[in-house]
Amino acid sequence: MTAHPVQQKTHTLTFETHGPGFTDITREVSAWLGAEGAGDGLLSVFIAHTSASLTIQENADPDVLRDLADALDSLAPRDHPYRHSTEGSDDMPAHIKSMVTSTSLSIPVRQGALALGTWQGLYLVEHRDAPHRRRVVLTFTGALG
Amino acid sequence: MTAHPVQQKTHTLTFETHGPGFTDITREVSAWLGAEGAGDGLLSVFIAHTSASLTIQENADPDVLRDLADALDSLAPRDHPYRHSTEGSDDMPAHIKSMVTSTSLSIPVRQGALALGTWQGLYLVEHRDAPHRRRVVLTFTGALG
Amino acid sequence: MTAHPVQQKTHTLTFETHGPGFTDITREVSAWLGAEGAGDGLLSVFIAHTSASLTIQENADPDVLRDLADALDSLAPRDHPYRHSTEGSDDMPAHIKSMVTSTSLSIPVRQGALALGTWQGLYLVEHRDAPHRRRVVLTFTGALG
């Protein structure tokens, strides 16, 4: 493959969450790449929070996401005598879950499309009980139309 | 250090795995950088799967890798009543193990060589029992030949 | 936002650690961006070690960091019959803790400043008992001066 010149564009997406769980944001992220005329390159995805995080996971069977949520609950149990408890019993587990998943991810882009594997989806993971507005910052580095 | 102009190149490597474990892919990745005439820059490494993942870990004592595999087994036990079980008892633990390790990594490149620490190796981690063909996508952003 | 041309600069920061814990390195990293005349872009942060790691976490209540350290101790207990034990009882847990946190992170940069969320700080996490000198490699890709 020949080398291509590089430009950069950035954008912030906002998502409303409604309690703990996985939100597939692949479509919104892909739409922005398309609208900007992205070609080949690399997309950095960054979440500006410490009690919500990112992961790339299977997008076929919704049970996978439920099992992943259970696994995070096991790794960061709620009924533990945390020092930091003033923000509610869901807050400290949320920080732990964020720490063991991802705050930033980099995904290859081919001809303007996320070069994800067949079964991969990009997820925002909410770890708090209350609804939140979450900011996801996109930075595309690569060839632009 | 003076700023340098930036170009981009990408490539997909394929690895055959034979059951759970760590495969050191540092040499194959480094060879591609060398062949492309990479100079200074940054290499993004992305794995296009949700039941295999990436990590940078100690490359000196093979026992470290065995202990890491055990630790992943403890964090994602096989004998658990997962909802998602149709693909085998190794599948849901594989997704959990992928989630707590890395799908993407970015590694500095100096004069065409991965700027890894003395004891760091780049590993593809297979989490499934059966042999798989795994795709790893490289994106180099930096100075080229 | 219009696309901007892209250049690249890199730098290595060194930090002295004094036992397990979280060191906020946001200020040192930000200072380098400012000194280099960074504009908009993306900063890659890479730690060249396998028994210390990176994370972005809450910077408001120090108790959060203590609870995170406890959580890592639970995920990687010291009193376990690890195969790899010649480097001390803190070494293998350190590798496990590194694996489940981050070796590399990418953070958006706006007008030369890290575009972190309100409560986000960038931390170097030391997992070994003895003092260590840790190298963190920065790569800025974006608009310069």
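For reference, chains read A, B and C in written order, and residue numbers begin at 1 within each chain.
The rule is short, and it goes like this: a residue touches a chain if its C-beta (ideal position, glycine included) is under 8 Å from a C-beta of that chain, and two chains touch if they have at least 3 such contacts.
All figures in this text were calculated on a predicted structure; none of them were measured in a lab.
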| item | value |
| --- | --- |
| Copy-to-copy rotation for chain B and chain C - C-alpha atoms, rounded to a multiple of 5° | 120 |
| Interface composition of copies chain A and chain C: same or different, split at half | different |
| Centroid distance [mean C-alpha coordinates] between chain C and chain A, Å | 19 |
| Sites on chain A at which at least two other chains make contact | 6, 75, 100, 102, 106, 141 |
| Touching residues (chain side chain A, partner chain B) in the complex | 1-6, 40-42, 55-58, 61, 63-64, 66-68, 71, 75, 100-102, 105-108, 115-120, 141-143 |
| Chain B-touching residues of chain C, taken from the complex the two chains share | 6-11, 44, 46-51, 75-76, 82-84, 86, 92, 95-96, 98-100, 102-104, 106, 135, 137, 139, 141, 144 |
